[in-house]
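Heads up, the next two complexes both have subunit A, just with different partners, subunit B and then subunit C.
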Partner chain A sequence: MTLLTAFARVEAAAAGRARLIRTVRHVHLGRRPLVVIPLQLAGEACAPLAVLLGDDPDKPRLLTVYEPRDRARRFEFAADLAEVILGHLDGYLPVDDASDDDAGDAGQDTGFSHDRAPAPEPLPDAPQLLVPNPNAAAFLRLLGRSTRLRRTDGEYAVRPTVPLLGRWLTHYAERAEVPGSVLLLPMTTALAEHWATGQSDLEDANLAALLGWIDPAEGLTGQQAARLAEDPVRCPPAGPVTDPTFDNEVLEGRMQAIRDASQSSDAPALARAQAAMDAALHGQLAPTWELMWRAHALLAALPEAAHAERRWKDDRRSFTAQAAWLREGGAPQPRRDSAVAAAKRLARLEREQQRLAVERAHDDPLVMAEYRLTGEAFAGTVVDADLTRVDTEGKKAKLRPWLIVRTTDAVIVEPGAVLTCPDYPSQAAKVIHVTTASDNGDNDNHDDHEDRDNDNDPVGTLVTLELSGGMGRALAAPPGTTPGLADVVTYTTLRDDFQPAPQFPSREETPWTHGGPPIEYVPTDDDAQEPWS
Partner chain B sequence: MTGRQPSAAAQAALDRLRGRALPKNHDARTISALAANPGCARRALMDAAGVDKQRVAAQAGFPAPFGQSRFAIVRGNAFEAQVKENGAAQLLILLREVLGLDVSEVGYADFNDVGGNSSAEVRHRHTRHVLTAPDQPGRTLLDHPLLRLRVGGRPAYLEPDLIALRLDGTFHVIEIKSFAVIDGQADPGKVAAAAIQSAVYVRALRDLVAEAGRDPAAVSHQTILVAPRDFSSQPTAASLDVRRQLGVLDRQLSRIASIEDLLAQYPGTLTFDLDPDPQGRPRRPAAELTAAIGQVAANYAPECLATCELCFLCRDEAAGTTGALGKPVREDLGGIEYIAQARGLARGQLPAPEQAEIAAQLLRAAQLREQVLGEAV
Partner chain C sequence: MSIEDAAKRARQATDRILGSLATASHGVVVDSPPGAGKSTLVVRAAAELADQGERVMIVGQTNEQVDDLIDRLAADHPDTPIGRLSAAAYLPSERVAAHQNVAARSSVAELADHPVVVATAAKWAVLKDVDRTWPWAIVDEAYQMRSDALLRVARLFDKALFVGDPGQLDPFSTVETERWLGLNWDPMSSAVAVLLTNNSHIPVHSLPVSWRLPASAAPVVSAAFYPFTGFAAATEDSDRRLGWNTRPFGQNSFDLALETAARTGWALFELGHRHTLPTDAEAIAACAGLAARLRQRGAVTISERSPEPLPVTDDRIAIGVTRTVQAAAVRRALRELGVTDVVVDTANRLQGREFDVTIMLHPLSGRRDATAFHLEAGRLCVLASRHRHACIVVARAGIPELLDAHPSAEPVHLGVPVKFPDGWEAHQAFMAHLARHRVCAA
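So, the complex of A and B:
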């Protein structure tokens, strides 16, 4: 958290309504996202109970597992879920498979565009999955883990779509760890990134309470709305864990009725009992379905940030590569990454994190304000500019314009520091001088009395900057390639350039300290027959 | 340290605080929750007095948000039963791997009752007798022994799932949990909760061994967590080092042991009695009860929402404080305690000297928001 966000929370608490902490939306929203709300049976590692999903707010589809503790029922459910999810994914895949050859050697761990290797052009769009919270995303990851290694022949055979679903869910879950990725987006995370509420982070994990602060019902304060949202009867939890009271007082009875009916082979009773369980689960899920689409609409109303499209392209690229990998019959993701793959992945995640921070600051003046508050950036007006200044000291004359920026921000940068301006990202600005400005600009005023007044109320700092780059090759900067006199500009130490990726050994050269070269992963019978009970 | 008991006067004061209700006995879960918020006088006092916080909170109009699904309970019990089946055959294989238990060291003793008597006192005496006997007859695994820990002067009976005894005389506490360990990883929050609970058992077992004049170091700080592997019901075992948890627990227990100092701060008339009618239904007016609770300061943090029955009451009371928004918010605001104060400083109110720095920052934060959003502050 930052002071600016902490202050926004204080303001939200006092006002009884959430406060925006971003001016633009930093997450891309898909054209037709698939909303997925899973529920699991309490106490089990990964026993799906039900899922409500769909891409049309008016047509949610409910899938129920009438006996979640039965392995066979779980795989039937996985096949049903695969039909819906894979059906949705298919809509984004190319119709003709003739373009196989341009997919290249993309592995499972792809989707990072700034590896300089020529990446295939991504598909024009990718399917986005929206889930209520990070726990729902974690549940989908486990569901992927428990289905992707299954065999479609021999003992314990499952339908072919089951391992395919598992591999897609695993891909989505792994992709979700990449900072800035929105292929699988938990709604509470997206909302909390853009709004500060008058409650704690822990309470923000409740989608209904979070939305209560952001968009309370008519006549309620955010706090009142959030309190009402905490009542599990009025507002069932968004899952994947169900309300224990619902389990004990409703679900247990409904499941028992189904067991009784199937034991007595009473088909009409079974149908009635199943309909009753469907109804109960629908009642638990439907409120969250409404909240998901409300949250989606609130986010959609914010204008999208400039760099969100760049990150979405990475997401599309990862989707494209995974599709190509599956088409070529590549192996499923192993249980655990090899040492080299894990180290590479971690390095990439760190670089993405840094890159995301810079992009957000550049896209959003309110994020940049956080850096201005800590002195890592300042905003001000160009009060003097020598745009034709040429440095003749070297062998060859170079265009090096100078600007003087007056700012009231606290400036902690020192001469020699190199800054950038988000509006001119390819241009470096070296700090030449930093001086305190008095009321009359940088002229000293010797009138004692007035001078003292000025000291008490300083009008800011003057920063002299030398520009280089982004102005073409000529010795005169073309118009529009530099800030001009009276422009309002922001300069920051945050830069959109990165250390080259560290060199990692190939997997064949994994050092002995990391277990030596790993054995090529081949899914085993053990993996395929792993109990799921 | 934990054997120290409050004086008779303090005990009487605690009894009065609790009123006519029966004391609520601690278990490993409630004792480990004590360690979650050691700075809370309200919780320390109520727990020392054995107050049923759940009922008090409900009567004050803030029922606790906790419940447990029967599915989870059934699954937990079934897994424990399975692990202990056939003299814990599955478990022994795992213990040989984790503890290096020798194959010959196989013996199993059930402490769930003693000759058909399942009273706590009898079971505890039997446990003490067996655990401190000079020679240990081939008993490798002790099932549900009953330990005792004094909390605020009253004994709490604790029932670890299993204790393993090695040939060299070392004891290891074994905790059986039903959350899954998938590809070698488990939910960190659940593992942390299991570690602190195991530490409670280690503490109690060390007290027992020490009372018998033996070296408490015989009880290892390495405890064993047994949980289902991957998506199956096959158990897997991992070793947990609970030294840090033991430290936290000891500090909190000694705080409760020195309850006199805390009691001295409150009037002798203070009570959380619910004024039950002859059928035991509470009659005390909510406002009066809330006022009584309000006399003892709480130390609310949002984390309480997961651990304390009084959380909703304390949260309501903490409205207007920056701490209610979470520790990070309070820290970012330089420790300013009240929301109104932070807002005042952001609007140019004159700060106290020690707040000059954060006041300047807040003023600047407000200006920046106004500049960017056009939102007048």
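So, the complex of A and C:
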């Protein structure tokens, strides 16, 4: 937690209401997001119990597994879920252009669009999935993993849509690991990034409590609203784990009723029992459904950050590439990454992480303030500038303007460090000197009594910077390409310096240090087996 | 152990390791505790392989390390042509440029007739014009290298000697993911870990004596951080002395801490219990104040290197911290005291370096909780094993209680070997030792 967030939390606790800690919304919100709230059966890894989903706040759709311990029922449920989710995704896919086949090998490194082949122009929009919390996203990942390798013929065959759903869910889950991606967005994560509450991170993972702090009901403080939210009767958990008391006192009885009815082949009783279970599960899910759309509205009310669109474009590109890969009959995602695939993926994740950090700081002064507090950035006024300075030492004369920025921020940069200014992102600024500003000359016309307050305080720090880049080729900087005298500027060590993607050996050339070349991956029936399934 | 005995043991170990190179099918791993003569081994191995007519590539991790190594190598073997492969923008540092037998180039082709070529892992990874492989590579600081970096350079060599200190900080990544945990080629684990998981037949040797750590420190560091391999100090208590040119006028708690450190090799300078920000103003002031006082008192050392007292110059004093902001704060505090050349850095950046006296700000000082980051054994080990004479630990009271309140609660993952030493246990052992050297801040 940064100092600023810690401070905002203290303020939130004192005021009884969450504090907004961002000036803009750093996540893109889809035009018509699909809200998915899964529930699982306690005591089993990845046994789906129910899901409430839909893209219209007024029309949630409930899918239930009446006997989650029965594997066959689970896959029937997966087929039902596939119908809804794939139906939603279809709305974003191009109608039918079978000639478009430049998909490359995107499936080898899912979660990213491929960038070796010329990237196809991403589709104009992509379906966003909103889930309540990271555990719900993890549940969808497991569901994807347990369905994407199923066979559609022979023994234990499933409907063809089941493995297809698994591959899409896997794609969404893998994309969610990419820093800055919002294709699959856990709501608590998105809210906690923008608001600081008076409770711990652990408590923030409860959607109802978090929203209680951000938007308490009339007449309640955040503390009171969060406390009410901890009552599982009033606010059933947002899943995927259900409330144990509900399991014992309601769920078990209704499931038993269904078992009894199906054993006695009593069709009307079975229908009644199933309706009763649907009603119970709907009661557990409906409050979270309301919360999800309330949270969505709160986020939507914030103006979107400038770079969110860039990241969303990457999300759209990944969706487009995955769609093309599936259309061409590409293989499902393998169980494990090979040595080369893992190393490549890590390099890209780190690259995206760095980019995200830079973009957030550039988009949002409150994020930049966190860096200013740690000394990794400073803001100040240009007090002197030599914008026509030319460096003639090298073979060719180069335009290298100097700026002197005066700041009262704590500056920890050392001479030689290279900084950037968010307003001039393509321009590098090398630190030449850092000196403590003296009173001489600056305070001449101040009255004595004004000086008394800060008798021993340094007036600030003077940082001399040498600019390069982003000023054209001529030996005079065109107006507007550099900061000018008296401008207020921010300089930071955060840089998004372009690095070419690191080269790795091909799969076939995996060296002996990493186990040698892996055997070619061919999906088999065994892949679908889990130790716990 | 007398110095002669230590030298004999070290030589035998090195001979055994070099002997095993001839029979190695793929490579050899050498674990080297702090100051155990790792560079000496690398230099000897490179020279012997070169003498046998083999071409050797040496993989370092940072430009700084590479330059240090070249300096050693070129000085010990002035007749061996050494290639320094580097980015085009690299300007040879003074210590490299001083050697006639070193040539700095940006492409391998220009160094074809150099039997020994040295570069960073990052540079080796981007070579384009490579038409043949090297029969031998020496990978230095291999425990600091991430396995994905090894993946990028492994195509260049047939066999390799991996040398490094297993007790130091593990390589890290800016992204957090559990995706590859338990995989034999987890790109986030160290090069040596992946190498040994995939090639269990590779022999692992270790160097037996530390030339850096004094007799007061080696058993403590060995027991806390190297519980299974262990090592001994090469010197005896009587070989090393830290003394002063002046007597204090009056005596404050700084002087008491300095005296304790001079007498026993350790001091715990304990501030009152309090929860603080990372940049705890009092603790920062204590670190800077102790360093300034050490200079004022005119510290001198006597060691096996010189029977005459040598002054402890500023560059032989280091202040080790956990976070960059702390380092910046300590530097600022030192500047205000008029001290500029004392080395202040984070544990990551002090790895592999050596000083006469170190002052460390304890990673858990002033904290309310003990997270995995702050409990990491490697970080504490780096900070506690940089000194030849004495180490002064600055900390707020209450660390043993904090540890008791936060037992390690990291999840255990299938297929991931349990890591030793355990950070929590190492911290406890270290604090238990320091308790005997406590000086309370006035």
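Definition applied: the second predicted complex is superposed on the first by the 489 of 533 C-alpha atoms of A that agree within 3 Å, B and C clash if a C-alpha of one lies under 4 Å from a C-alpha of the other, contacts with A are read in each partner's own complex, and residues count from 1 in each chain.
To be clear about the criterion, a residue touches a chain if its C-beta (ideal position, glycine included) is under 8 Å from a C-beta of that chain, and two chains touch if they have at least 3 such contacts.
Everything numeric here is computed off the predicted structure, so don't read it as measured data.
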Subunit B versus subunit C as contact partner of A:E509, first or second or both or neither: second
Subunit B versus subunit C, judged by how many residues of subunit A each one touches: B
Subunit B versus subunit C as contact partner of A:L41, first or second or both or neither: first
Touched partner set for A:S200, first subunit B, second subunit C, both or neither: first
First (subunit B), second (subunit C), both or neither touched by A:R336: both
Contacts of A:T245 with subunit B and subunit C, given as first, second, both or neither: first
Contacts of A:R9 with subunit B and subunit C, given as first, second, both or neither: first
First, second, both or neither for A:M1, with subunit B first and subunit C second: first
Subunit B and subunit C footprints on subunit A, overlapping residues: 3, 336
Of subunit A, residues touching subunit B in the complex: 1-11, 13-14, 20, 23, 41-46, 142, 145-146, 198-203, 223, 230, 242-245, 247-248, 251-252, 335-336, 365-366, 369, 372-373, 410, 530-533
In the complex, subunit C residues that touch subunit A: 26, 125-126, 147-148, 150-152, 154-155, 160, 173-175, 177, 179-180, 183-188, 191, 194-195, 198-199, 277, 324-325, 328, 331-332
Residue ranges of subunit B touching subunit A (in the complex, touch as defined): 65, 67-76, 178-180, 182-184, 228, 230-234, 302-303, 305-306, 319-320, 322, 324-326, 328-329, 332-333, 339-340, 342-343, 346, 361-362, 364-366, 368-369, 371-373, 377
Subunit A to subunit C touching residues, read off their complex: 3, 177, 179, 336-340, 342-343, 345-347, 349-350, 353-354, 374-375, 412, 502-505, 509-515
